[in-house]
Amino acid sequence: MILQLICPDRPALVSELSGWVAVNGGNILHADHHTDVGAGLFLSRIEFGIEGFGLPREAIAPAVNALADRLGGQAQLHFSDEIPRVAIFASKQSHCLLDLLWRTRSGELPMQVPLVIANHSQLEPLCREFGVCFECVPMTPASKPEAEQTMLDLLAEHRIELVVLAKYMQVLSGAFLERFSTVINIHHSFLPAFKGAQPYHRAWDRGVKVIGATAHYVTEDLDDGPIIEQTIEHVNHRDEVEDLIRKGRDTERLALARALRLHLCRQVMVYRGRTAVFA
Amino acid sequence: MILQLICPDRPALVSELSGWVAVNGGNILHADHHTDVGAGLFLSRIEFGIEGFGLPREAIAPAVNALADRLGGQAQLHFSDEIPRVAIFASKQSHCLLDLLWRTRSGELPMQVPLVIANHSQLEPLCREFGVCFECVPMTPASKPEAEQTMLDLLAEHRIELVVLAKYMQVLSGAFLERFSTVINIHHSFLPAFKGAQPYHRAWDRGVKVIGATAHYVTEDLDDGPIIEQTIEHVNHRDEVEDLIRKGRDTERLALARALRLHLCRQVMVYRGRTAVFA
Amino acid sequence: MILQLICPDRPALVSELSGWVAVNGGNILHADHHTDVGAGLFLSRIEFGIEGFGLPREAIAPAVNALADRLGGQAQLHFSDEIPRVAIFASKQSHCLLDLLWRTRSGELPMQVPLVIANHSQLEPLCREFGVCFECVPMTPASKPEAEQTMLDLLAEHRIELVVLAKYMQVLSGAFLERFSTVINIHHSFLPAFKGAQPYHRAWDRGVKVIGATAHYVTEDLDDGPIIEQTIEHVNHRDEVEDLIRKGRDTERLALARALRLHLCRQVMVYRGRTAVFA
Amino acid sequence: MILQLICPDRPALVSELSGWVAVNGGNILHADHHTDVGAGLFLSRIEFGIEGFGLPREAIAPAVNALADRLGGQAQLHFSDEIPRVAIFASKQSHCLLDLLWRTRSGELPMQVPLVIANHSQLEPLCREFGVCFECVPMTPASKPEAEQTMLDLLAEHRIELVVLAKYMQVLSGAFLERFSTVINIHHSFLPAFKGAQPYHRAWDRGVKVIGATAHYVTEDLDDGPIIEQTIEHVNHRDEVEDLIRKGRDTERLALARALRLHLCRQVMVYRGRTAVFA
């Protein structure tokens, strides 16, 4: 069981939280705290076993919420035996999608993937091999509202809790995000460098010596969401744009897989447009 | 104030420790814990402010020791306003020594360096520039016992708490270590690869593509002490041995400076031949 | 067309080689040379276009060999339109195999994979998905000579030019290597550290802060072959052995894929137990 | 002796260049070439010994220029025994300055530093220790034209060939650069991210997980000059702005030292706003 809490900083918070776990008979396996002094905020992540816990399972969440209320903060609770249902959005490129499906199948990512949505059909055979439902939802500027509605319906139908954009190459509208907001994206640059389209082409033009990839939560401001993970790769003058793209695939899939694992293991806390990553 | 504690694992330890801090009116700034499941050990590092602390300064250590005794463990306490006295041992090479002296002067390393000992005289001018006492203690196989005694006397005279081997290139005897045991060394390889002499020559012979440096606590078994930090550098077939040595200097001084800072900030805990680094 | 040449060093070799290309009407696209001063050897890799080349295709190899003879060296010639036939040996783990099959299908690795051999049957479905012939050749100490003979027969039948050990976990005998010698292996440590079995367990025991993977050519001396590529990954005290194994998978498949691409693009030259990598 | 040449691409250029060296009795030690296909340009760097060279020293440059003219390109020639005179511009921070002075003294950077200019006086003692002439030229918006004139006079007086901005924190005017154009700068961000002032503050605000440093040639467009080297450092939520600044110092001085060495070893070629780095 993982408890995440954010609240205004004040003395004795660690004691209060760990005392609550102890008094209920829980055993802390990992505990990590962070005080953002500038923001005056206390962030805590506590992982504890609940064998022989003093509260019945259904009473834990209300108790945690009451505790958070008393501290003027917000808590999130996660039972480790609840495996989240995740949808992957893709386009034509397979590297991130295949990587995530393989990591899921091999048990490296504690999630299930009942649904893949793409705006092109190329990745259907790959999904079939992995036994995942594939839905093609084409997207044009004109059809966007309708297409996004279709996608939202699919998410509801499959009871999806998290969407991962695995090189989806489309911008989700504010209207979409208002209705489904837990979305992780991989951007193929070292943000905030090269926001927007064709980052590798622009990186090549600028003559950089390092390229990168950024996995982040999606907000309405394109490429401005809280960053979870960034990876980099060295390049040199011998690398053409297509070499940057090729090398980039490795760093993209790594950044996305790491970020997703951190998210799924509840090691990420988001606040004020940034993340604390308890790794 | 920083409290480090190791004890057998059991439930409610975080609560007990943080409760002790809270009940005395301390405010936890950072808290980090680790359970080594295989070893059945709980490790904790708690950093807390003691303005308005309920115990007078001289009573804190006894209280902490009593707490540790009750938990069957061992505690270490460090007051942040106590700046440790550190001696640096060197030989002929200046890069690590200069780096440490500069970092000390610039406030990056919270230590004072009243003494440098070397078995050669080349580094005397450098030490004079930094206003550090330089003692040359030559070392031959025959003179070793006597030379080490001289060094131990110097350490005592200067009230040294920590020795850093900054490319000292000599092996301290078991007799020396018995009498002065807190010693950090930088070895110019990626341990356990290339233990012993001339690691860059042997790395070149083996045709490796990456070289490294390892900062570790010194034990009687040469190059086998607990590792604090390791850094690496890429090399290729164009690099001759002297290029490995040159590139190595950068990675050596970085590993050593990082390890030393971690040690000085009490972020390192040693147990069972290994370290937990709360970074 | 790629020409690789090793010969004793002497003046005017670059001129001689590039002159030979020019006089035959070839256009050099890339040229890279290295002089190993200690060994007194000159290594050269020249990539040139042969549209309008003055020699017919079948006459190029004899001409190159004559040139190499005259220089007292050895040359290798590779036509870029000849896609090598590669067999992958695996065991139970899928990560390297899947990665190589996917990179081949996506065009990132200029090779064809007509054959996968494994000593266990788990990876058969994966191979079927990729349309690759899968042969299970179980291996026990007693059956080893016979099993290796079966494997050699399969290699001959499929006209295999290169074998890649993608976590094969078996040691090929000297007898096998005498009959088929172009073999690339991935070892899950930062060689020469942790040669042999269970490197992650031993890395954990030693308390290292960085793990690595090494892709190398296979020789009879286990884990002592010429190194092509090494990658690394940071670890800390929170990582259990299974975390090292998990993190290691990413660095293993990257090292192997990079080494294989370098080999296939004829960017690797082997001499005196080491490699020059013209990247 | 190092010859760098850029010219329009056409067949037989390698042969022509290496033939010219060979016919004059030079022995090529290293040769590296690059064709920028998009730009239609051929870049070459040839390092050769001139013991027993067929041309007298003073005749080599005219001969090389004639060769370059014939190829419609431009050549640069560098005699390895000519040690360039370099001025370092600094402000208050010592880390890059000290690093460069130490590397020069230890022979790692093949240059001499007769002059340091700073707009503050703090670094004078450091320069005195290294026996380097220190000139303080204060800089205000009003005094800038006059101050820059003073600096140009100092450069002329000391016969300076290269200026290195080692955290100078002032922008050189276009007028200055018109009169002295070979300037290398270290910018404390991963360009093009965080151009301009206070990059670490802005990196912290954005919540990035990696910071960087960029060494580049200075052009009138601030932070837009050709990039020579980029280095990076990982950061996390525990790092405050001052930690980014501290960690940044290590990556800054490394990027600057590497870039400077590449420049001094004539391994960098600039064209079309970018660099080819023959490393």
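In order of appearance the chains are A, B, C and D, and numbering begins at 1 in each one.
Just so we're on the same page, contacts are C-beta pairs under 8 Å (C-beta built on N, C-alpha and C of every residue); 3 or more make two chains touch, one makes a residue touch a chain.
Note that the structure is a prediction, hence the values are computed from the model and not measured.
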Chain pair with the higher count of C-beta pairs in contact (B-D, B-C): B-C
Distance-maximising chain from subunit A - centres being C-alpha averages: D
Interchain centroid distance [CA atoms averaged], subunit B/subunit C, Å: 41
Subunit B and subunit D: spacing of chain centres that average the CA atoms, whole Å: 36
Overlap residues in subunit D, where contacts from two or more other chains coincide: 34, 238
Residues of subunit A touching subunit C in the complex: 30, 94-95, 98, 102, 106, 108, 129, 238, 246, 249-250, 254, 257
Subunit D residues touching subunit A - in the complex, by the definition given at the top: 34, 36-37, 190-194, 206-210, 212, 226-230, 232, 236-238, 240, 273-277, 279
Subunit A-facing residues of subunit B, complex: 11-16, 18-19, 21-23, 25-35
